[in-house]
Structures are given as structure tokens and as C-alpha cells.
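Take a look at the structure set out below.
All chains are identified by letter, namely A, B, C, D and E, in their written order; residue positions are counted from 1 within each chain.
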Amino acid sequence: MSESLCTSSGKSGLPPGSLIHVGEVLEPVGSISIVDYSKGKFEEKKLQSIDEIIQYKDSDTVTWVIIEGLTNVEIVERIGAIFGIHQLVLEDILNTNQRPKFEEYDDHLYIVLKCLLPGGENFTVNNEQISLLVLKNFLIMFKEKKDEVFHPIRQRIKTSSGKFVSLGSDYLAYAILDFIIDQNFILLDLLDESITSLEDSLFEGEPTQDMLYKIQRLKREMISIRRYVSPVRELLAEMIRSESDLIHENTHIFLKDVSDHSIRVVESIESYRDILTGLLDIYVSSVSNKMNQIMKVLTVFTSIFIPLTFIAGIYGMNFEYMPELKWKWAYPLTWAVFIIIPLVLLAFFKRKKWL
Amino acid sequence: MSESLCTSSGKSGLPPGSLIHVGEVLEPVGSISIVDYSKGKFEEKKLQSIDEIIQYKDSDTVTWVIIEGLTNVEIVERIGAIFGIHQLVLEDILNTNQRPKFEEYDDHLYIVLKCLLPGGENFTVNNEQISLLVLKNFLIMFKEKKDEVFHPIRQRIKTSSGKFVSLGSDYLAYAILDFIIDQNFILLDLLDESITSLEDSLFEGEPTQDMLYKIQRLKREMISIRRYVSPVRELLAEMIRSESDLIHENTHIFLKDVSDHSIRVVESIESYRDILTGLLDIYVSSVSNKMNQIMKVLTVFTSIFIPLTFIAGIYGMNFEYMPELKWKWAYPLTWAVFIIIPLVLLAFFKRKKWL
Amino acid sequence: MSESLCTSSGKSGLPPGSLIHVGEVLEPVGSISIVDYSKGKFEEKKLQSIDEIIQYKDSDTVTWVIIEGLTNVEIVERIGAIFGIHQLVLEDILNTNQRPKFEEYDDHLYIVLKCLLPGGENFTVNNEQISLLVLKNFLIMFKEKKDEVFHPIRQRIKTSSGKFVSLGSDYLAYAILDFIIDQNFILLDLLDESITSLEDSLFEGEPTQDMLYKIQRLKREMISIRRYVSPVRELLAEMIRSESDLIHENTHIFLKDVSDHSIRVVESIESYRDILTGLLDIYVSSVSNKMNQIMKVLTVFTSIFIPLTFIAGIYGMNFEYMPELKWKWAYPLTWAVFIIIPLVLLAFFKRKKWL
Amino acid sequence: MSESLCTSSGKSGLPPGSLIHVGEVLEPVGSISIVDYSKGKFEEKKLQSIDEIIQYKDSDTVTWVIIEGLTNVEIVERIGAIFGIHQLVLEDILNTNQRPKFEEYDDHLYIVLKCLLPGGENFTVNNEQISLLVLKNFLIMFKEKKDEVFHPIRQRIKTSSGKFVSLGSDYLAYAILDFIIDQNFILLDLLDESITSLEDSLFEGEPTQDMLYKIQRLKREMISIRRYVSPVRELLAEMIRSESDLIHENTHIFLKDVSDHSIRVVESIESYRDILTGLLDIYVSSVSNKMNQIMKVLTVFTSIFIPLTFIAGIYGMNFEYMPELKWKWAYPLTWAVFIIIPLVLLAFFKRKKWL
Amino acid sequence: MSESLCTSSGKSGLPPGSLIHVGEVLEPVGSISIVDYSKGKFEEKKLQSIDEIIQYKDSDTVTWVIIEGLTNVEIVERIGAIFGIHQLVLEDILNTNQRPKFEEYDDHLYIVLKCLLPGGENFTVNNEQISLLVLKNFLIMFKEKKDEVFHPIRQRIKTSSGKFVSLGSDYLAYAILDFIIDQNFILLDLLDESITSLEDSLFEGEPTQDMLYKIQRLKREMISIRRYVSPVRELLAEMIRSESDLIHENTHIFLKDVSDHSIRVVESIESYRDILTGLLDIYVSSVSNKMNQIMKVLTVFTSIFIPLTFIAGIYGMNFEYMPELKWKWAYPLTWAVFIIIPLVLLAFFKRKKWL
């Protein structure tokens, strides 16, 4: 997610609804697979051509079509033709810089949001845009990458004996949304770890330029995550408010549940934001503190030795008439001064709590 | 509450409504006790099996069931079966990372919030999730820990002659909510003490790295508390707005009262937040102030002795032709310079108010 | 107002409506006095027992009962009994940590807010909770302290020929609210003075630790004041919206007027808050500026004398073969160097604007 | 506008509606003048007594009465009597600390706001409270000062052939409001200049204490301006919403236009506020930058000469057995060291980019 | 966009609706061109006189009139006369300091907003005010500059076979709005680059005064952009809500799409704002960090050599009775001390992690 926060559509001047893929290419070829299920039935299949889905169109089973890779614009165009999807929706599916949103059409619903997964080390986040077209007994999912992220949901359908398989495509959509938001919690756990470890190293060791860099990087990631997650609350609220026939009454309570989760995610992000801001303040204060300590050492050393050096300098002068130079006790007395002055100064610094 | 602000549900991919306990285990075994009361009746009992509560189900007395420890999932499942509670509610009861909320169902209400109690020293806060199922003449409370926190309410029921025992389960729910929010005031008093003591030590002594650590810790605790308490206002507002038969007309005024308290708690937290933020600013300023003082000492010492040392150095040179070295008054005159220069500089620094 | 921002009710576990005084005791014994007036009538009296007010209950005159000191719980209880006041209202009257609010009951109104008065020197603020029960032709005022704060209103009633005495208890309530808010303006004038004097001393003199302390103290006071004053806007808005018969149509315009004032107070506080925040920023910048000046002095002194001392040190070495030592012009030439080097450096520092 | 942000009414305890002037006295005697116009008629006159306006009361011409100076309370009182204005409105006219607002009465409208004009140099702002009473064919304007600020409007009426003179008092009120808000734009241009010049001098020269003072002063002025201007948006929105017969349908579009302008003013102020805040941050950073440069100079000087001085010190020691002192090449070798050490250190500092 | 954020209208005292051009003159002479199209027809023409457009007024084709340069007030006046546009709208067209807005009239719509284009290097932004008058089958566009910005749209019309040419002037207005907002994305990409490059140079090299300057400049540009873009969301929301016949039902979905884009633009700006603010904090911290390093070098050098110089100074004293001077091993022993002291100090500094 170190990518740009906002990418130009690269389409200025093109008519709206022009179907070209916009965004980073995460998967060069598009692949199509389906999961078709009902009570007692479960079929998993890879399709060669998008037209094979037509046979599932009017069956009573729920059909989950998974398109992985968005560069093959033809697939999206064909789906638009088969199911009568508006050009602007198809365009949104292909443009992977969407703000999460929910749109309701006469005979289908369109949901788009980001699936956030932890990347490599050092708290990096990978995001993938997920588009869902919810139709009667049909759910078409568009993903940027080819991977097994949603495998657990397939597994749940396969092993489900009751509820899942007896409910419609709206419940499947809910299950996917719930899964995506659950991934956010995993991310937040990693974020928590990163922040805590940063906090510990700040209080234990020296403030370094590297910590500063880590703080800034975490802040940036958090700004990204918030932008991707924050509109999801709204998306879910609109789904709950929706009066579309495609969302059954008894799915509402499930959507309310996942909506609660999305609010919790956003509130957590806000909290972490406050903590990170606090951390930077602490960092600056720590640096100042260190500086104070350094300056104290410098000041103590300098203040003690500079007068002594001066005194030694006096009796290093070569004037002919310096009576002290001849005194027997002059040297030991000077030593006494060399010892008394530092003691007095040390006491003074002690009282000032500089030592 | 130094725990993570947000814990992954650990359930990704599991079907919603899967009943497993999520969160820290605060009490390994579940214990069940009941308080059954009406005007003139008071019974307190420990139950061996959850099925014993069936006998209280249709009586006219108010029955307060207290489940302590949430690892015994069977108890929750059984209650769900006996009273017809939705799977998602049962799931929420078992997942101790809930955001406080109020949910209204046909024949029961579900309330979940956090009971915050002061932990050990240094202003730490322990939180426990409390779930309440309010049914007609029945209140089922789920707690994470086995302790005597709610003992005072039991005592009030026992000794009540009038109102408490003649009112229903909604009044009992109110009494519990009021009690939980009262605990927040106790917490805020401790917070006030911690902040004031920090403030005092900041203005009296030296700014230390330890203070910084305390400020950050208090800030973190405050962020946690706010997250737990802030949604309670909303929860109570929804209860007051609710038109459920389970909340009687004359309970509204009590809920309004506790709602006032919850607003006061949140406003106090906001105020303390502002004060803590101010404290960090003061801290940074103090550190800078100290640095200034240190630098003044360094500058005064250096500025005074460095020219003197130089002068002594001059007459420590071994040139053959240095007429001054032979002058009779050269040495006393040099001493005069050694005395005059510091006096002039001290006057200069005095005027600059560095001394 | 250096007291805690939030005090625990000290009542956890007590039944709601338990009448005990909560808060600092500002007046140990309760005193009761009344002002009874109508067109052409004015009576002022101290009562020995609260029951004496019963005789005024059904008269056509307006009766203003003033209870000073809240420790005598019996008085409040008795008033509750005589006028049928809800237990929770009585409890709120006795608990002096209320958030300002307005509550409407069938035959009475309850208003509670803080009267803020300037304390001693250094901008300290004393607050007193004022509760008003507005009934038909009856206004009962509860104060924490026994003093003459509201004397001017008594005076106005006494000398009023027309409007005041011909209007009801709602107008009296308005007059009291208007008076309380007018006190805030006096307070804000004092605050303005404190801030301006702080600002002046910051721009004229040295930034001291004491200023920092004053800024923090003012900030704290402001946070308190805002918390006490901010909900008053809401209180007045609710009174204006209220459709209670107890507030006559022609009192609305007066309430609107005082509402305007309360908005002005809050906006002023917000402005002062911004100014104080700015002041702290200025403070930090000033400290940094001073540091720069100190460092310049140090750097100039050190940079000038350190090379000179080194040169003197060279010719203080005791090598046998140092030809310069024997040169006739060596010593004057060295002096020339001693004069040229500082001049060059001074020019350099001048150009850098360090002098 | 370096005056207090909030002035106590100085009227605590006085009955509301007591007519005394509150605020700074900007004009000691009140002067009355009128402009009476209709299509084809234009009359300008100074009145000796306020009662002379009665003759214009029922004419069909629009009469603009201008009262300059508010210390003559009688004038205001008399107007109240002639036109039946509420005592509280009269009080507001006399109290020059009003928050801008719009009030609607049965047969008149009351508008109060601040006219902000640039003061002397250094971006100071003078404010004057303008009250407008809009009646049928009558507009009474109350100003604090006697000046020619509104002369351009008189001129426009005089020279108008069509629209202005054929429209009523509501259009005149609009023209005045539009004129007042136009003054704000002039003010904002000056503010822009001040900020830009400050910004330039910050980036070009040294950060000085004087800049800090200017930033704080501009901030304060901005806080004042915002407080005076921000409620004007609301004022105009209420006028537009108003259903009073005194505001004709075709005046709405003009009010909408001036409302747009007031929004633009407030948004500009917010932007300048952000810029000023940024400027202070830049200031602090610049000071730190300068400090770094100073410290680098100090460190480079000290680090180079201090080891050299030490070496010179070694061979200035007077031990009898120091073989080096007798070596022939000792002195030139020492010089070699004196040259090599600084070169090495300079290279080191160069690499660290301190030079 | 380094111009003033807010320019006085330069029209104070002029009657509203006075048609004079206000703002910077970007194009001295006005030029008029038209694009007239319908299904199967496409005509592009430069007009000599504005009156030539009358012939297109009642045709069924869509006519897009493009006026470039606003100094020729007559053109605007004439259009007002031909199409019956309100004087205030004409005034807004000529005043190039408008806040983006949408206004609905009986037979035309008025849209005004800013087209932001990247200027030269260093992320500067040029803005041009675009006014659109949408009438039935007619769209009049007013631009400040003469350029080819909207050429791509003309191209799309020319090559369109279906939708564009069969839809009305509302779709053309949409296409223009969509195009303008697409330009913002290009701008944001450049902004992203600028910030990222600034961030990189901050973490890699030294914090310089020049970076500070760049941060402030980017901040200022961002404040400008936000002010120009933020009201566009509102503008589009009002267009969507509008019930004017001039916006057809099937254009709504397109407006909704561009509205989504405008929200994304504003959210991106907010994110960049947060990142820039963070960058300044990082800058300040980096400067402090550098200072710490400088101070460490200074302290280490000073602390090591100052005691040594003192010791050398002692044995440079010329007292007669200094027994050590005669000892054989005195000099080597002193050297031992000269070696041991630095080693001890270096170990000490190593442990403090200053090296």
C-alpha cells in the first residue's frame, strides 16, 4: 500500500462507460470458476468461457461466479450483456480505485470494497478490490488477484448442512463481507504489535531516525486503511436500509452484525491514530530529554575544567615578578584549589539535579 | 487494559453464530447463581445445572440469573435454546470484544457493555464485559469473571421494602447499568489524582523520561476508557427511545438519569484528555526551559574563563622579546584584568537576565 | 475550581433516589428565606421551618423560596413531599456535580446550572450549583452557599413598579438565569485581563517556568468553565422549545435574549482557548529563540578565543629548536594575529547576523 | 480590535430592557439624518429632533433614517415608542457587544452585525456595530460612529433610475448588508498581504521575536474577525428562510447572492487560519534549523582547536625528562600534526555535511 | 495559484448586477465558438458576433457555445438579454472569484466551478473559472482563457455514434464536469509525487530550510485546491436532488458517478493533508535528531580533551617547588594518564550509546 493514495483514471476524455482496466495489473489473465450449491448439492468448477454461466442463470441453486484478474475486459463486457448491467457499473468493476460503495439497481445490487491483507514484514498491507454483483440466486465476484483468500467460505458451503445452503445469494454476499472485515481485525492485531514494539523500543532505548521513519510509515498505512475501511460502515448501513427484494428480511440481522464489526474497526483505527500521534510527541520529547542529558555532561565537564585550566594557565605565565612561584606551599595550595573548586561545583550541580 | 485495543475474532471463516468463546479467559469454569425476588420474597441460590432455571421461567417473581465465566459454551447454548435467543446474540455474549450496544428483539432485549474497575497501582484499569438479556420477569447476566462486584445490588434487593421488589426486570437492568456507570466515576477520581500528581511533579521537579512514560500510559488508558464508555450514551438513548413492552413507562425517568451520568462521564474524559495533551506541551516546554538554564551556565562559565585562559596563555609564551614579562607591575595588572573582565561579563549577563 | 473535574457520587450501590448530600460542604446548616410579591405587595422573611411555606402555596402572589446550604437533607425531602417532586430530582438537587440541564414535569420544571463567580486573585473561579424548581406562582431555589449573590434581583423586585411584579414565576426564573450568565461576562473580562497580561509579559521579558504554570492553570480553568457553561445553551434552547404552561408566551423573548448571551459566552471561551493555545506555541518559540541567542554568544566567544589560545599555546611549547621564539618581531606579529583573527571572525558572524 | 473579545454588560442586576449604552463610546453625541426616496424623488436631510421622522411614517416613499452615535439613549427610546419596538431590541441596539443576528417581529425586522474596516497600519481592524430596523417603507440604521462609510449607497440611490428606487426597504437592507460584506473582502486582501509579507521575511531572513509577535497578533485579529463574520452566514440564511411580508419574493435572490459572499469570507478566514498555523510551525522549524547551524560552527571550531591546544599544552609542560623537547625535528613535526588533524576533522565534518 | 486566496470584488458600492469583469485578466479579447450536434450532425464554427447564436436557439440540435475570455462584458450582457438570464448570474459569470455552486432557475441552470490544471514545475496549479448555463438543447460555457482544454470532449462528440449525440445538454454538462474532475486526479498524482519525493529526501539527507519552504508551499496549494474542490461535492449533490426538467432521469446515474469521483478527490486531499502535517512533524524531529548528533560530537571532543589540557596545564606551571617535574617517570606516567582518561571516557560514552 505504499502505492499512490489516488490514481488518475487514465481515462480523461474517454466517454464514461468505456471499458478498459484501470489500476495496477495484479493478475495478467482472467480466470473464471463457479461454486453452485443448494440444499444437498455442491458443485465446484473452472470455466473456460464466460458463456458457460448462462446454463446456471435460471436454476434454483445459488451460483457463485468468481472472476480472478480484471485485464480481460471481454469477460466483464460479456457479463454486462448477459445480465443487463449498466455500463458505469462495469466501468467501476474494472477501475480498481473505487471508494467502497453500495448501489441498488432494479434486478441487481452492486457492492465494491477493498480486501486488506497483511503483506510481508514491517506491517505492509496489500489491498485488493472486490466487486460483488448480487442477483437472484447468483453472485458474481470480481477479484484483482488469483489466490485462495476466500477458500474458507467455499469450505463452509461444502460442509454446511443447514442454514448456509438454504439461504440465498444475499447470505453469500454477507458471508463474504463478514470475511473481508474479519481480515481487518487480523490487520489491526499486527498494527497493534507494530505500535507496541515501537513504543517499547522508544521507552527503552535511544530515539533513532529509523523509529521516526517507522512512525511515519505506520501513519501512512493507517491513513490508507482508514480511507478503505471508513466508507464500509456507510455501505453496510445503506444495505440495511435498502428495500430491495434481493436482500431478505432475515439477512438484515446478519448485516447489522457485520456493521457492528465495521464500526469497531474504524474506532480502533481512530484510537491507534491517536496513539501514533502521541508516540511522535513522545519521540520529540525523548530527543529533547537526551539533548538535555548531553548538554549536562558537556556543561559539567566544561564548567569544572575550564576554571582549573585557567588557574594552571596563570602559573604557567612567564612574568619575572610573580612572587607566588617562589613560595614553598604554592604548588600544594594550588592542588588544594584544584580539588576544592570541582567539589564545590559538583555540589552545585548535584543540587541542581544535573548529576 | 494494556491489552490490545482490538482483537481479531479468531473466527475468520467460521460460520456466523458459531459458539466458541473469544477473548482472554478470565474465569476457567462457568458458575450459575440466581436471585429470585418479589414483594415479600427473596431467594438466593447456586445452580448446578442451567436447566434448573426452567422452573423460574413462568413464575411472577423477578429472576436474576448470573453466569460467571464464559468458557462453558454449553450454558450459553442451553439458554439460547430455552429462551429462543438468536445465534448472533449468543455469539456476541461469548465474544468479549463487543462494542457496547442495545438490541431489541420481540420478547427480549440484549444489552452489552464493559464494567471498568480500577486495577492495581499506577492507574491501571480492568475491564469485564457484561451482557444482559432482559426478558419478562427474567434478567440473565453474563460476566467474564467470578467476583462480588454486583453484591451491593443483591444487598439492596434483599433489604428493599418497596420500590425495587415491586418493579420488574427492566428496573433491575437499570440498577445494574447505574451501578456500572457509577464505577466510572470512581475511576475518573483516580485518573484525576494521577494527573494532578503528575502535574505537580512536573511543576516542582525536573522533567524526567519516566513522566513521559506516565503521560503516554495515561493517554492510552484514556483512549481505552473512552472507547468503552462513549457508546454507552448511545446505548441508553436507544433504550429510552425503545418502545418495547419490556421497558415500563416509569423506568424511563431512571434511564434518563443514568443517561445524564454517562454524558457526564464522557465529558469528563474529554476534559482530562485536553488536560493531558496540555501536560505534554508543558513537559516539552519545561525540557526546553531546563536546556536554556543549562546552556546559560555553560555559556557564562565558558565566556568568562575562555578569554582569561587566553590572556594567561599569552604570557605563557616563550618569546625572547616580550617586554611586558620584565615589567614590575605586569603581573598585578594582569590580575586586575583577570578580575575586571569577569565583572564586565557578569554585568552583561546580568543585564541579559541570564543570572 | 482547582477541585476535581468529576467526583464519584459516593453512592455506588445505594438505591437511586437515596437523599444524601454529595459534594463539598460549602454551608453547614441550611437556611430558608422567602420573597413573596405581587403588584403592590412585597414581603421578605426568614423561615424557621420549611413547613411555613405551605401557607404561600395557593396564594396568587409569586413566592421565591431560597434554600441556602444543602446538608440539611430533611428540607429537600419535605419540599419533595409538599410539592410532589420526583425522588430523582431531589437527588439531583443534593448532588452538586450535576451537568446543567432542564427537565419538564407535569406541574413543575427543574433547572440546574452553575453560578460561576471570580475567586481570589490569579483568576480562580468559585462555582456554586443552583437548582430551580419552577411551579405555578412559586419558585424554589437551592444554593450551596449562604451569601448575597442574588441580592440585586431582590432589589429589582422591591423597586419594580410594573413588569417584574406583574409577571409570574417563569419571569423570575428568567431573571435569575440572566443574572447568572451576566456573571460569566464578568469572569470572561477577568480572563481577558489575565491572558493579556500573560501575553505582554511573554513578549516583553524572558519566558519563565512560572508563565508556563500560569498558562496551564488558565487552560484548566477554561476547561472547567466551558464544561459548566456549554450545556447552558442547550438548557435554554429546551426551555424555549418547551410547551409547558408554566412558561408564558411572552417570556419566550426574554429566554431568547439570555440564550443569545449564553452563545456569546461559549464563543468567547472558544476564542480564548484558541488564544491560550497560541500563547503556548509562542512560549515554546520564545524559549527556542532565547536558546539561539545564548548559543550565539557561546559560539562567538568560543570560536574567537579558542584559536587564539591555541596560538598562544604553540609559543608556550618548550622545544629547544623553535626559531620563531628568537625573532625580534615574533611577539608583535603574534599580537597582530591575535587582533586580525577576531576581526575576521567578527565580520563573519556579523554577516551571518549573529551579532 | 485589540480590545477585549467579550465585555461584561456592566448591567448585572439591572432589569432587562434597561436602556443604557454599553460599550466603548465612539461618538459622544447622536446625530440623525434621513434619506427619503421613491421613483423620481430624492431628499437628504439632517434632523434636529427624532420626532421629525413621524411625518415620513405613513408616506409611500422609502425612508432611511441614520442614527450616528448611541450615547443619546433618548433617541432610541423615542424610536421604540413611535414604532412599537420591544424593549429587548432597544437594549440590543444600545449594547455594542452583540453577536450578529436576525430577529423577526410582527411588523418589523431587527438585524445586527459588525462593519469591519481596516484601521491604521500593521493590519489592525476597527469594528462598528450596525443595527437595522426594517419596517414597511422605513429603514432605521444605528451606527456607533459618525462617518461617511455608507456614502456610496446614498450615491447609488441618488443616481439610480430604476431598480433601487422602485424597490422597498428590504432591498435597501440588502444593499447595506452587501456593502458591509464587501468591506470584509478588502480586509481579507490586507490580511493576505500581511501574511505573505510575513512568510517572505521568514523564508528570506532570520526568524526574530518580532515575527512571532506579528503572527500572534494576526492570529488574534483573525479570531476576532471570525467571531464577527461567522454568524452572518446564519443571519442571512434566516433572512432567506423568513416568511415575513417585509422581505419581498424578488429580494430573496439578492440575499442568496450576499449569502454566497459571506460563506466565501468565512472559508477564506479558515484558510488563512490554517496558513498562519502553518507559519508558526515553519517559524519553530526555522529557529531549530538556525540553532543547528550555530551548533555546527561551534562544534567544528571546538573539535578542531581543542585537540591542538592539548598537544601544544603537552610540550608546554616543564618536566625535566622530556626527550622530544630536544629533538631537532620535533617542532616541525608538531606543526605537521597541527595541520593534519584539522584536515582530517574537516574531511570528517564535510562527509557529515556540516560544512 | 500563489495568488491571493480571496480577492475583494473591487465593486464595493456598485449596484449589484453591475456587469464589470472582476479578477485577473487571463485572456484580453473574448472569442466565441460553437459546436452544434445531433444524431448524424456535427458542426464546429467560430462566431464573429454573439447574435449569430440566435439562429441555433430553437433548433432541435444540442448547441454548445464556448466563450473564451471574460473582459468583453458585452457578450455576457447580450447573452443575458437573449436568454433572459438574471443580472446576478451574469455578474457571477464575470467575477472569477466564485465559490463553486449550482443554481436552478425556471428555464436554465447555472453551474460555476474551477478547472484546476498543473502549472509549470514544482507542483504549481493554475485555476480557471468555468461557468455553465444549461438551457434546453443549449449549453453556454464561459472560460477565462483561450486554450484547448476541452478539446477531448469535442472529439468524443465528433466520433460518437450513439449515446452522446442522442442525449441532451444535461449530458454535455455532465461530460464537462466529469472531465474537470478527472483533471483533479491528474493533479493529485503530481501532488503524490511531490510529497513522496520530499519524504524521500527528508529520510535520506539532511533537513534543509528549502524542504521547509517546499512543505509550506505544498500546504498552501493544498488549502487552495481543497477550497476549490470541496464545494463541488455539494454542487453535484444539489444537481442530483434537483427536480428541474432540464436534467433528465437517465442523467442522474452519470451525475452520481461523477459525484463519487468528487468525494474521492476530497478524501484524497484530506489524506495528503494529514501526510503533509506528519511530514512537518518528522522534519522537526529530524532537525532535533541532527542537533543531538552534533551535540554528541561536541561533548565527546570537549569532555575528552578538556581534562587532558588541564593536566598538561598543571605541569606547564612554573612553580619552583614542583617535585614531580624532576621525577624520571613523570612524563611517561603523564602520557599514561593521557591515554587512560580518553579510554575511560570513550567507554563511558559508548555505554551511553553516544558513539
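Throughout what follows, a contact is a pair of C-beta atoms (placed from the backbone, for glycine too) under 8 Å apart; a residue touches a chain by one contact, two chains touch by 3 or more.
Going by UniProt, the chains are A, B, C, D, E = Magnesium transport protein CorA.
Owing to the predicted nature of the structure, the values given are computational and were not obtained by experimental measurement.
**Q** If you fit subunit A onto subunit E using only Cα atoms, how far does it have to rotate, to the nearest 5°?
**A** Best-fit rotation on C-alpha atoms: 70 degrees.
**Q** Are the two sides of the subunit B and subunit C contact the same residues or different ones, given that same means over half of the numbers occur on both copies?
**A** Mostly different residues form this interface, as fewer than half of the numbers used are common to both chains.
**Q** Between subunit C and subunit D, tell me the centre distance in angstrom, where each centre is the average of that chain's C-alpha atoms.
**A** About 26 Å separates the centre of subunit C from that of subunit D.
**Q** How big is the gap, in whole Å, between where the Cα atoms of subunit B centre and where those of subunit E centre?
**A** Measuring from centre to centre gives 42 Å for this pair.
**Q** Would you mind listing the residues of subunit E that make contact with two or more other chains?
**A** 284, 288, 291, 295, 298, 302, 306, 309, 313, 316-318, 322
**Q** Using the definition of touching given at the top, classify the network of chains in this structure as line, ring, star, complete or other.
**A** Contact pattern: a closed ring, each chain touching exactly two others.
**Q** Could you list all chains around the ring, opening with subunit B and heading toward subunit C first?
**A** Start: subunit B; next: subunit C; complete ring order: B, C, D, E, A.
**Q** Which stretch or stretches of subunit C touch subunit B in the complex?
**A** By the definition above, subunit C touches subunit B via 4-9, 11-16, 86, 88, 91-92, 97-99, 101, 205-209, 212-213, 215-216, 219-220, 223-224, 227, 280, 283-284, 287-288, 290-291, 294-295, 297-298, 301-302, 305-306, 308-309, 312-313, 315-318, 322, 324-328, 330-331, 334, 338.
**Q** Quick check: in the complex, which residue numbers of subunit A touch subunit B?
**A** The contact residues of subunit A facing subunit B are 152-153, 155-156, 160, 163-164, 175, 178-179, 182-183, 185-186, 188-189, 192, 199, 203, 253-254, 257, 260-261, 263-265, 267-268, 271-272, 274-275, 278-279, 281-282, 284-286, 288-289, 291-292, 295-296, 298-299, 302-303, 306-307, 309-310, 313-314, 316-322, 353-354.
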